[in-house]
Amino acid sequence: MRTQEVSVLSAHDLKCVKGSTELFSNIHFEIRSGEALVVEGSNGSGKTSLLRILCNYNSPAEGQITWNDEKIDGHESYQQQISYIGHASGVKLDLTVLENLVFAQRLVGTDRQESEIKEIIRAVGLFKQRNILARKLSAGQKRRVALARLQLEERQLWILDEPLTALDKDFVTEFESVLKNHLDQNGMLIVTTHRELLLPEAQLKRINLSR
Amino acid sequence: MWQWFHKLSTPKYYYQWSGKWLPWLAGLTIILFAIGLYWGLLVAPTDYQQGESYRIIYIHVPAAWMSMFVYVVMACAGFVALVWKTKLSEIVVSECAVIGAVFTAIALITGMLWGKPTWGTYWTWDARLTSELILLFLYFGVIAIYSSIEDKRVAAKAASMLAIVGVVNIPIIHFSVNWWNSLHQPNMDIISDKPSMDPSMLWPLLVMAVAFKVYFGWVLFMRIRNEIISRERATKWVKELVVGR
Amino acid sequence: MFSALITIIRRDLLVAFRRRAELMNPILFYVIVVTLFPLGVSPDKEFLSQLAPGVVWVTALLAALISMESIFRQDFDDGSVEQLFLSQHPPTVLILGKVIAHWLITGLPMLIIVPLMALLLYIPQQAIPTLFITVLIGTPILSLIGAIGVALTAGLRGGGVLLGLLVLPLYIPVLIFASGAVSAAITGLPYSGHVALLGAGLILALILAPLAISASLKISMS
């Protein structure tokens, strides 16, 4: 699934308007496989809106986004390159950790063995809780379920909205190595975060929305 | 041609373009209404069956035609709004909903007023009246969803979607109501033999129909201009327009 | 693609099973509203059996409407809706699966309760199979159309009442053909025409509604 080919995501002159207020304008960036983009900005500066635009859920008021030189608007296979974790992490509260992951990866279109899934559950430190309803997990644990899903889906472009919220320190370090691994395998990452992510500067690009 | 359409769909250009048309539409509306009403109410002969009361058709029938026509216009604009995401068509959807609902209400009220002398009752579950009532409900739905979503661009898209679903359903609803009516009631022949109308009665009706259409265009243009000004009030050209002159 | 359909149906059924306390609510609502009619109008046998097809179906419309709201509510809250659009499977297939699962939870139980309703409203026995068929074909249409409305109103304040305003007028053809079929069966008239029209409606809804639901969800997400 991990490809060797280099992909390019570029955004040109993006502008986002919510209601009658302009959140941001004049946003340019370009990232290639193996690179990460950290989106910074104060609260309400439109970080989440930008990520949702990049997921093709919303369209920008102005500007263009291209994936390998093709416009993402109406480009169906683009969305099939994405794993997205938003504020709501897509975890079903009435399913167990294991069920959540089994269903999620199947719906997305990958078909992993249960043993592989259990391996990843172990890696995110939820093996003991694998048969517990997600409803009973703490906020940080739910976040971990979502991060496990990320690793199962084998997508090239990870778009993560505050993935570190509620995670404890040790796990953040572990997660950073997962992200680094993803980049090394030609993955791409777009992330918003309040905490500093420890990633090699060479692979890192930054953009600030509240200039 | 395409480019012109594209240009027209930008609010500023539309505002200037429609401004030139307004006086013509207004004038034409007044003239057509004057001719149509005079001809229909005073010149056209009295109906041998219904007497003078039939003259309400010069309002009722054009309004009923418009109620359907505006819905189709609204759904087409909605389709354009969803596919090409142009601001102007979004505004057309929300404005058409209000205008269409008013036409539908006029058709219903005049229909009821006409019903009293003809059938002896204000309301009867005649297929046409029932369809018209359901059409009014459909308009209410579009208006309701438009007004309950705060972000007006999202609201217009949701209203467009509903309008499109509605326009697919209208023929089905129409058919089902006709079917239902034929099971429950004998046909009301008084209305349905419209084609056999005498030309001296038909001509003023056609004039009125055109008058309603032009009036719709006029009101739609004005409402769109209004909405553009209020939506674009933060932009430079609107500020210049309001303050500059 | 078919396996994706099965997967999402299984997931939604499992979620519903975990919340099985809520499963009975639409049915109870249905039974209670039907009970109100004899109390409010008249318990007279002749009169009731004449009124029955309408009562059964108007109530079914309301019950479908009330139960509809839950189809996407949780998905909006927990972010699953967003995931629907990132799948390799077409969103319309997954959405169709969700509607099917929702119908299995809310529509199917209605089939079981309908003969009981027929008893309460003195619907003659020869009409019960017809009633059964109309519920079987009609309620999926209600679910498909209702889901469009829910997709548009999800996340709005006062969504419930608004949903009724949007969806009930669209339910009218189902009401007419379904209650018409039952009335015809009660009086011993042929009813296959009504049922065929309902069937045509179901096919049309199956083809078009998932597209509309998908587009509506996208609008609500923005």
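For reference, chains read A, B and C in written order, and residue numbers begin at 1 within each chain.
Note that a residue touches a chain if its C-beta (ideal position, glycine included) is under 8 Å from a C-beta of that chain, and two chains touch if they have at least 3 such contacts.
Keep in mind the model is a prediction, meaning the values are calculated, not measured.
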Centroid comparison with subunit B (C-alpha atoms), farthest chain: A
Nearest-to-centre chain - CA centroid comparison: C
Averaged-CA centre spacing for the pair subunit B and subunit A, given as whole angstrom: 47
Distance from the mean Cα position of subunit C to that of subunit A, given in whole angstrom: 37
Centroid distance [mean C-alpha coordinates] between subunit C and subunit B, Å: 32
Multi-chain contact residues (two or more partners), subunit A: none
Subunit B, residues touching no fewer than two other chains: none
Junction residues of subunit C, two or more chains touched: 222
Subunit B residues touching subunit C - in the complex, by the definition given at the top: 82, 134, 137-138, 140-141, 144-145, 148-149, 154, 157-158, 161-162, 164-166, 168-169, 172-173, 175-177, 179-180, 183
Residues of subunit B touching subunit A in the complex: 85, 150-152, 231, 234
Complex contacts: residues of subunit A adjacent to subunit C: 52, 55-58, 79-80, 82-84, 86-95, 99, 103-104, 106-109, 133, 155
Touching residues (chain side subunit A, partner subunit B) in the complex: 18-20, 59
Residues of subunit C touching subunit A in the complex: 3-4, 7-8, 10-11, 14-15, 18-19, 74, 77-80, 82-89, 94, 218, 221-222
